Every structure is written in C-alpha cells, then in structure tokens.
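So, here's a batch of structures to check.
Both of the next two complexes hold chain A, though its partner changes from chain B to chain C.
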Partner chain A sequence: MTAVTHPRQIVLRSPRERLALKLPLRAVLVLCLLLLALFLTIAVSLATGSYGVALGDVLDTLRGITISRAIDNVVWEFRFARTLAAALVGAMMALSGAALQNATRNGLADPSLVGVSQGAALAVVTLTVVFPDISSSWRPWAAFAGAILVALAVQGLARTRQGGSTIRFILMGIGLSAFISSITSAMMTYGEIDRAMAALAWLAGSINAASWGDVWTLLAWCAVLLPALLAISRTMSALRFGEAAAIGLGAPVKLVRNLQLAVAVALAAIATSVVGPLGFVGLIAPHAAQRLAPAGMAMHLILTAAIGALLVSLADLIGRAAFAPIQIPAGLLTALIGVPLFVALLLRSRATTH
Partner chain B sequence: MILRATLAVLALAIGLASPAFAQETRSFTAANGTFDIPVAPQRIVALNDQIVALPLYELGAPLVGSAGRTDADGNHFLRGGMDTLGIDYANTDIAYVGGFNGLDLEAIAALSPDLIIGGPYTDPDVAEQLQKVAPTLLIDNGALGLVDTLKTLADVSGKSGSFDARYQRYLDNVERAKSYIGDTSVISITMTFMFPAGEELWVYRAGLGAIAQVLDDVGFAQPAVVAALAETQASWSAELIQDLDADFVFGFYRQQPDATPETIFAAYEKFAPGWCQALTACQNGQFVLLPGPTFGSTMAGLDLALELVENTVAGRPFTPFVEAP
Partner chain C sequence: MTSATATDTVLTARHPVRAWSGVPVLLAVLVGAFLLHIAVGAKPLPLGTVIEALTQFDPKVFDQVIIMNLRLPRAVLAVVVGASLSLAGALMQGVTRNPLADPGLLGLTAGASFAVVMVTAFTGMTNAALVPWIAMVGALGAALVVYFIARFVPGGATPLSLTLSGAAISAFLGALISIAHLLGEDTFENLRVWLTGGLAGRDINLLWYVGPWIAIALAAGLALAPRVTVLAMGDEVAQGLGVRTGRLKVQLLAVVVVLTACSVALAGPLGFIGLVIPHIVRLYVGSDYRWIVPYAALTGAVYLLGVDIIARIAIPPREISTGIITAMVGAPLFVHLVRQRTR
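Our next item is the complex of A and B:
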C-alpha cells in the first residue's frame, strides 16, 4: 500500500493499484483528533472514580498485576467495562442516526424520533412492572424485540400503494412514539411503585451497571452492522442527491434504503437494550461530523461513530465523577447537551431556508 | 527464648485466624437467589435508606453506607432518618453511596462491605455487578410485608435477638390498645396519600409503612371500596371521594419544604373542591394528617403509629360514621 499526499487529500493505493482510497486531509486530521480525545477520555475514566486507586496501581492492574481483588473489580469490572460500553453505545447510536437521516433524507431523524427507543423502553417497563418474576436477563432481549416491533409497525404504517414514504415514516414514527410513551408513563405511574422504581435508572439511560457481557454483545453486533453500513456507503452517497438521481446513477435505491433502515434500527435497538434510551446522540453526531469535516459517506460514518463514542464517553465520565457519589445518568447529560444543539440546528436550518 | 517465639507464633496464628471466625458464613435465600453470607456481618451497605438502612441502624447492625436522597440545596439525607431515629449522614458514620436508582458502585466498593442489602427497587444489573464486591441480597419488602422484612433484616444482620425482644413488646402493646378500644372491627379507617400539588390522591389498602401495619394488627375495618382494591394502592377519582368516608381518615403526606399541613389541606381542596363536606370524618375532626416518613418501616415507626392510633381512636370520644342505607 502506498500513500500519495495531495494538498487537501491523501490517496492510498494497493500494490497493483487495483484499489485506491481517497481521504480528505481535514477529515483524517479531525478523525485523529477525535480518536485522541476518545483515548484521553477513556484514560481519564480508567483513572478517576470514587474508589481511590493510584495511577500506578491502575496501570499495574491493567497490565494484569493483581494488587487486590477490590482494585481488580473496580478497574476491570466497573470502570473499564462501563467506559468501553459507553464508547460503543455512543458509536452505535450515532451511526443509527446517520443511517436514519440518510434513509429518510431528513436531518432531524433520530432513533428516538421514529419510536425505536420508545419501543425498547415500553418493552423493558412492561417486563419490569407487569412481569416482575421474569429474570432481568431477559431485559436486553425484550428491549430489542420492542424496538424492532415498533420500527416494523412504523414502516408498515408508513407504506402506501406507491411504496414507502420518508415523510410518512417520520410522521408515523412521531405519532407512534408519543402513543407508546404515554403507555410507558401510565405503567410507571400506576404500576407497583417498587417495580416502577427499578425501571427508572434504565429509562434515564444509565451505563452504571454495564458489564463485560454487555461489551462483548455490543462488539459482536458492531462487527456485523458497521461493515454492513460501510458496504452500502457508496449507494448511500448517491442517495444524498435524491432518489431520482440515485436511480439514474444505477443504484439499487429501494434495497439500500431498506437495508439502511434495518441496520439503523438494529444499531439503536442493541444500544438501547444495554443502557436504555440515550437521547440526541443519533441526532447530533452526524451533523457535527458534517460540520467538522465534510467527507464522503464512508468517512462521514466513521467520523460520526467517533463523535458519538466521544460524546457518550464524556457524558458517562462527567455523570459518574463530577458530582460523585451522586450519579447523573449519561442519558440526562446527552439530552442536556443535545437540546441546545437541537435548537441551534433548527434555527440554522431555518436561516438557511430563508 | 524458644517459649517466647512459640507464644509469638501462637499469638500470630490466633490473630490471623480470628477474622476467619468473624467471617464464618451461612447460606441465605433472598429474592435474587441463594448466597453465602457472613453469620455476623461487620460492614453492611444498604441500597435504600428508609426501607433498609433505618431498620438496620435501629437494630444496631454495623451499617457503613447507605443510599439516600439529596435536597434542593444539595445536602444528602436519609429519608425518615431524622424524623424517626434522629440520624443523618452528618451525625453518624454512615457514608452516602448515591441515590437508590443512581448508586455509585465504586463508593460502595471503597467501603469494603461484607454484605450489601437492596430490594425490588434495586436495578437487577446493579445488584449483579455488586455481587463482585460482596454478597448482595435483594429483600422483597413488598412481598414479605413490613414485619417479615424487619425480621429478615434482623436475621441477615445477625440481630434477631434485638428484633424479637422489641417486636414482642410491640405485640403486647397492640393487645393493650385493643383492650382499651374494644371491638375494633366495627371502626373503619381509610388511609390516603396526597401530594402538595393536589394533582393526585392515592388510597392505600395496605403497604403504607407502619401505620398500615398497626391498623391491620389492631384489627380495624376499611370502607368496602378500599377493602376491595385489587392492588395495595390506587389513584382515586375526585368524583368518588365520598366513597372513602369512614370513622377516621389518616391522610399521609411526604415531608418536604412545600408540604405542610396547610398546603396539604389546600391540595385536597384543589383536588376535590368541597371534599371536607363530602367526608363526615373531616366534618367531625376525625381526619388526621400525618407526615409519612415518620411512620416508615421501622420498629420506632410501629411504636409511634400505635401511640398515634391509641391517642386518636381510644384516647378521646369520636363520632361514628354511619353509612347511608
């Protein structure tokens, strides 16, 4: 592989030049900075917490030296697992938002806007409040099933005789989300109070109890879904110019759009099933990636994933350590950051329209 | 010299062995499974303040940490702690480890507990993570009821003796109260819970802390609609407030800056204008407002609640409620 550097881009070529990859220099630089920031956040996360462990002891523990069983638990089981889970969940939610925005050609699309998060939440609250005797290990599966069912319902309801409509998809998503949220609220209000309390932390989007099992689950799904998304990124690029233009370019529009929606829903469903609903990550990250470094679709997806990972890792670190032992759920912090950004995006898009 | 060395080795061996004796374990089955727990735990962390920490503290159990609440000024407090036992984080060695649904796992680990106790409100995933620190028992207080929960907490903390003596005294006092009051089954009492905003009124058939336990132990009746509730509590319609009429109504509220007897009465008026005219208990001064946390799930709460019932029902004449034919 050889690398040729042009003023604004890097071109990577395979030995016989069968494959070439053109990378915008700015995007590469931004990606490096994002990964550096993510690495630093993870490092600070591993070294910070309510349990006082000296930095040297943290490093020794990470090298596999057991100083004490308690330190092993704190560093490996609590800090490392939740830090990695936060990064993975952030990347998945961000990618889900990017795929949804591309598929619906609506910059405001987000997993919570089309009912995925609400479906997962309803399933988990139902399991916790109505069927408390069922083991909590079923919670991720219930969340996944809830998310998928709602996504299918939205897609089914959005279909017309002429086929799928992105506007109908968004509107149906909003309507169904509101309907599902009201059922969830009713269950939380009128259900047995202890059971409702048990569901509260999950509903707030807390990474508090993430374990290595969760990390492996997230990694396994990432390993399947991220390549799937990258594989269709070329056609996704064509879709940016509109359906007609993409068809004109010979892209299998219908197939790719359905694939995008399926991957987007799966990404959000898996992430939500592990940590609960995390608002605004899927909305903000793709826009931030676009603003920081305009790039081709594949690079845009990678940047989006890095921003999502950084955002949720930071939110988890701040929520865990800033006011310890008070624990602020990451979902609350991403919403706190997300709402002003959401408003800014709306105002900006309005200004652009005018 | 040899004797001294032998004695030193013996002393060291005994010293090393004594923690092993202290950590003698036994098997215990909680709502989340069966665990090996210390026979006499030395460092307990409670994952709920009112339901777990207060009863444990009252029993004299070695409580080193507890979940709690945070007021508007950012101060942590044990719900009902000052009201019932006069304790808080500030005047005890109990460490704050987060809210019951926002626990700081590292803060709990830093306390090196040998037993952790939560309940059905504890996130099961959090309980699973805490098993890596110490046996984490989830005691289902809803299913057990107040007395069996206290009994279980006494059992797992190795304080059954303290509990049995105090509970027997309570039972004796219940019998004494019954002898004063007479036939308690013909006296009806309703339990309600009102919030300061007056948006909702909750009616309890059972499960409202110590007062519900005492009313049941003494043997009072409830209005038919309340006794027929499928769940232990229900959100009540303002239009049906007259159905709650009884000889006495015990109206609970949560003590907080915006909840005083005056604001709670105003909240009832907002919820159901003219409510007092609809309830003869209120008309006759037999509507009793109670700050909820004081009558929480402790032996002190049971004693206080029993005294309250004695004073309210047996200690003065009252106008019986006659249900319309």
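Our next item is the complex of A and C:
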C-alpha cells in the first residue's frame, strides 16, 4: 500500500492499483474524532456503575494488571462484554439502516420501521415463550428467519406492476409491524409468566444481559457480513443515482440490491437477537454520517458504523447511569433521539410527496 | 395516493331505502351480541338467566349477581367504546379525506395515554373524575402536533405524511411511557393493565364521569355528519356550498378528541377500530356520511362486543387483551388499504 496525499484527500493504492481508496480528509478527521469519542465512552462506561472503578484502574485492568479480584471481575466479566456488545450492535444496526436506505432508495427506512426488527422479535419471543427447551444459541437463526420473512412480505406487498414504491414500503412496514407486534403481545400475555418476563426485558432493547458468548457471536457474524457489504459498496454508490442510472453504468443492480437487502436483514436480525429491537439507530446513523462528512460509499459505511457504535454505547451508558439503580434500556433512549430526527427528515423529504 | 373522494364519488351513493333497511338488522345484531357477550365466559350462563337478570334482578341468585356486577358493565363498556372509536374514525376519515385515518394511527390514543401516565406519575393523582380531562388534553395536544408536522411536510397533510408523523409521535410517546414505567414501577402496576388496551376489570364507575361527555360527543358527531359529506368533497366545494369549513373542522376535532380521550380513559388504547369499521360500513352505505356515521357507531359497538367475546373464549382459561385482537384484525385491513389506495 502506498499513500499519496492530495490536497484535502488521502489516496490509498494497492500495489498494482487494482484497488484505490480516495479518502476525503474531513471524513478521516471525523472518523478519528468518532473513534476517540467511542473509546472515551467505553472507558467511562467501564468505570461507572453500582461498583465504581477509577479510570486508571480500568485501563490497568484491561492491560492485564490485576488490581483486585473484584475489579478484575467487574470490568472483565460484567462491563467489558456488555460495552463491546453495545458498540457492535450499534454498528450493525447503523449499517443495516444504511444498506436498507440505499436498497429501497428511501431515506426514512430503518429496520424497526419496516418490520424487520419486529419479525426478529416475534421469532425470538416465540422461541423463548413457546419452545423454552431449545437452546438460546438458536436465537440468531430464529431472528434471522423472522426478519427475512417479514422483509420479504413487506417487499412483496409493496410491489406494484410499476415496480417497488418507497411510500408503500414504509406504510406496509407500519401495518405489518402492528400485526406482528400484536402476535408478540399475545404470546407475552398468555405465555408462562417467568418466560414472558425474560422475553420482556429483551424486548425493550436492553444490553445489560450481554455476555462474552454474545460478543463472539456478534463478531463472528460481523466478520462475514461486513466484508460482504464493503464488497458491494461500489455498486451501492452507483445505486445512489437511481436504478436506471446504475443499470446504465453497467452495475448488476438486481443482484446487488438483493444482496444489500439480505445483508441489511441479516445485520438487523443478529443484532436484534442479542439485545432486542433497538429502534431508529439505523435511521439516524447514515444521515448523521452524510451530514458530518460526505464521502464515498465505503468511507460512508465506515463512518456510519462508527456513529452507530457511539450512539448505542452512549445510550447504554446514559441508560444505566442517569437514573441508577434503575436501568433505562438503550432502545428507549435511541427512540427518544431518533423520533425528532425522523420528523426533521420527514419535513425535509421530497420522497413523501408523491 | 388517490384521495378518498375520488374513489367515493365513483361509487354511486346508495339509495336511502337500502341504508334504512340495515338499521333494524344492525340493532337486532347489537342486542344479540350484547346478550351473548354477557352469557359467554368462564362460567357460561343460559340466555334466559341473562334476560331474567336484566329485567327482574334478584340479588340472592349468584348467577344474576355475576351478571350485574361483572358482565353487564363490561358489555356496556364494549358498546360505548366500540361506538365512540368507530364514530371518531369515521369523522376523521371524512374530515382529513384520509382513508388511513384512525385515532390510534394518528397518535391521539398515544397522546391520551401519555398524559394520563405522566400526570399519574408526577402528581400521584388518583381522582378518577380527572382522568378523562387529562386524556382529552393529551389527545388534543398529540393531534395538533401530528397535524402540524404533516402540514409542513413538503406536499402537505397527505394520508402518508399524517400516518408517518402519527407513527413517529406514537413511538416517541411510547418510549417516554416505558421510561416513566421503569422509573416508578409501583405506581404503574395499575396502569400496566390499562395500557394494554382491554375491557377486563375496568372501573365501571368511570362511566358516570365519562358517559355524559361521550353522549354529547356522539350526538354532536351525528349532527355534524351531513356536513362531513360535503367537506369530504374538498374544502373549496364545501365553501362554495356555504359550509364554514374552518369552524366545522374545529367542531369535528373537538368531537373526535372527546370520543377518543374518553375511550382511552375507559379501556386504554385500542387500535384500528376506527380504521376498520368505517371502511366496512362504506361497503354497504356508500360515501354519504349521514349514513356512515350512525352505521359506524352501531357496527363498532357490535364489533367490539364480538372481539371481546373472542378475547374471552379463544384460549380458556386465560384471556387475550382485546387490543391485541383489534390489531390482528385491523392491521391486515390497513395493509390492504395501502395496497389499494397508493400507487
């Protein structure tokens, strides 16, 4: 890799110039700041809680120095897994939203608005309440199946003879979400009470139960899905100009759009299976990335992931610190931030007028 | 999105004779559903006992006490709430020319619930007489916010922008309700049941406070119905025909808010009733709101009685929340409407 610096841009080239990355300077700076903020949030998150640990001690513990058994335990076993899970889930939800918005060409798309999260939720609640004997390691698969079924249903119902329509897509999502949520509630009301309570905590979108096992699951899926997303990012940027233009540019539009949807659904499903439905992260992050630093698709996706990770980490930190000892699930806080932004986007959008 | 009017004017207005013909049938069905609702339950009671209890009540007979104290109040609630929400939905669809209008979808029920939850949380209020007033303030506030957001979306208050801003406001208020719920778990033990939307175990005494307002609003809705037909043809047409549209809209908003808020106060947030019933009614009586409004009220009462019967007998010995079933029935219809009415 050789790096050539143009004014206000950094260009990275692979040896035979088969791959070249043009990075706007601003995007790189923003990314650095975001990562710094994420690092700080994680550090503070590790230090705060019912058992306070000094920041310096946290850093020492993470370096492998044992200060006391208790601190070791608290930081490694309880807080670190949870904090990492929050960041990973945030990044996945954000990327899912970005891919969904690109594939549907609708700036208002979000996994929780178009029923994908609800589909995953219904599948997991069914597993928890109706089949409690099945190991929870099946959760991601169930969530994936539920999410993809709903995504297909919404796509199918929204399709017209003239092709897909973004407005119908969102409205279908609202209708199907209501329907699926009612089935989920039915299960919760007549399922066994302790199983229902376990499902309830998960449904609010809380991260407090995340373990190292969850972190590894998330990481494993990320290792598969993120390269897939980056691989199609080039065609995704062609899709930004609209389907006809992308076909004109020679992009395999249909394949890429389907791939994009599949990756978006998979990301949302896996994230949902671990922490429950986290609304509006997928809506906020891509728009924030676009606003902070307009960049090419690959860089845009990286920024989006960083913002998502920061957002959910912050939401998780605030949720457990603000009203301690009561913990507010991160999903509720992301909704509180996300809805005003949704309204702001609605007020600016032209897509909704026809 | 084609407006409701375009489709409605294509439908020829049904002949009034046909519209009248449905009334006795509907009334008979209502009475039948009412009696059946009372008879069905954990302990099925013969219809004869039900009628006996209603006509010559004997406090010494145990079955009759069950009927008078538990089942009759619930049946009355179903009738009142079903009629109120359906009539509110019908008026909303007419005045906004929005086939997707419903007090739940446009954020009114969320606003009413939110207001009640917040006031209860922060003041520890337990005065039942105040609940409907608080709910009205909340429903009105949410309605105005949703309307103004939709209005300033490019393209104006279309069915789409109204539905989207309604969904957004509902999500926001829902998150706040959940947070309040978590912060004060003890206070919310009572509200939790109420928030799922249902008719079981409701305090019938609330009807004494709410009933008069519902009666006034229902009467006002029926009285305003003829002008809604004109309004549904468009503001300019209505003004040309001498309707003061601004004043009429304020009056209709007041009726809708009162009906929704009182229903929420009585039975919690019940979704999709106001969406479903007017559409079913239109299939029979066409686009004339003089018929749609009263039919919607009667059909809504029958519908909620039926839904509540299903809720009670579907999975014995347990009960499903009534609100869950209304969503299960209503959401597919919503999907169907979106398919039909949007390009």
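Everything below uses one rule, namely that the second predicted complex is superposed on the first by the 290 of 354 C-alpha atoms of A that agree within 3 Å, B and C clash if a C-alpha of one lies under 4 Å from a C-alpha of the other, contacts with A are read in each partner's own complex, and residues count from 1 in each chain.
Definition applied: contacts are C-beta pairs under 8 Å (C-beta built on N, C-alpha and C of every residue); 3 or more make two chains touch, one makes a residue touch a chain.
The shown structure was predicted, so the numbers you read here are calculated from the model rather than taken from an experiment.
Shared-chain residue A:L347: touches chain C; no touch with chain B.
Contact with chain B, but none with chain C, is seen for A:G49 once the two complexes are overlaid on the shared chain.
Within the superposed three-chain model, A:L176 lies in touch with chain C and out of touch with chain B [touch as defined at top].
By the touch criterion defined above, A:I328 reaches both chain B and chain C. Within the superposed three-chain arrangement, the count of touched residues of chain A is higher for C, of the candidates chain B and chain C.
In the superposition on chain A, A:N208 makes contact with chain B only, not with chain C. Judged by the touch definition given at the top, the superposed model places A:A198 against chain B, while chain C stays out of reach. Of the residues of chain A, those at positions 189-190, 204, 326-329 touch chain B in one of the two structures and chain C in the other.
Of all residues in chain B, those touching chain A in their complex are 70, 96-107, 109-110, 112, 119-126, 128-129, 132-133, 141-142, 231-233, 235.
For chain A in complex with chain C, the touching residues are 108, 113, 157, 160, 162, 165, 167-168, 170-172, 174-176, 178-179, 181-183, 185-186, 189-190, 204, 279-280, 323, 326-329, 332-333, 335-336, 339-340, 342-343, 346-350, 352-354.
Contact residues on chain C toward chain A in their complex (touch as defined above): 1, 100, 105, 149, 152-155, 158, 160-161, 163-165, 167-169, 171-172, 174-176, 178-179, 182-183, 196, 271-272, 315, 318, 320-321, 323-325, 327-328, 330-332, 334-335, 338-339, 342-343.
Against chain B, the residues of chain A that register as touching in their complex are 49-52, 70, 73-74, 77-79, 132, 135-136, 139, 189-190, 192-195, 197-198, 200-202, 204, 206, 208-209, 211, 320, 324-329.
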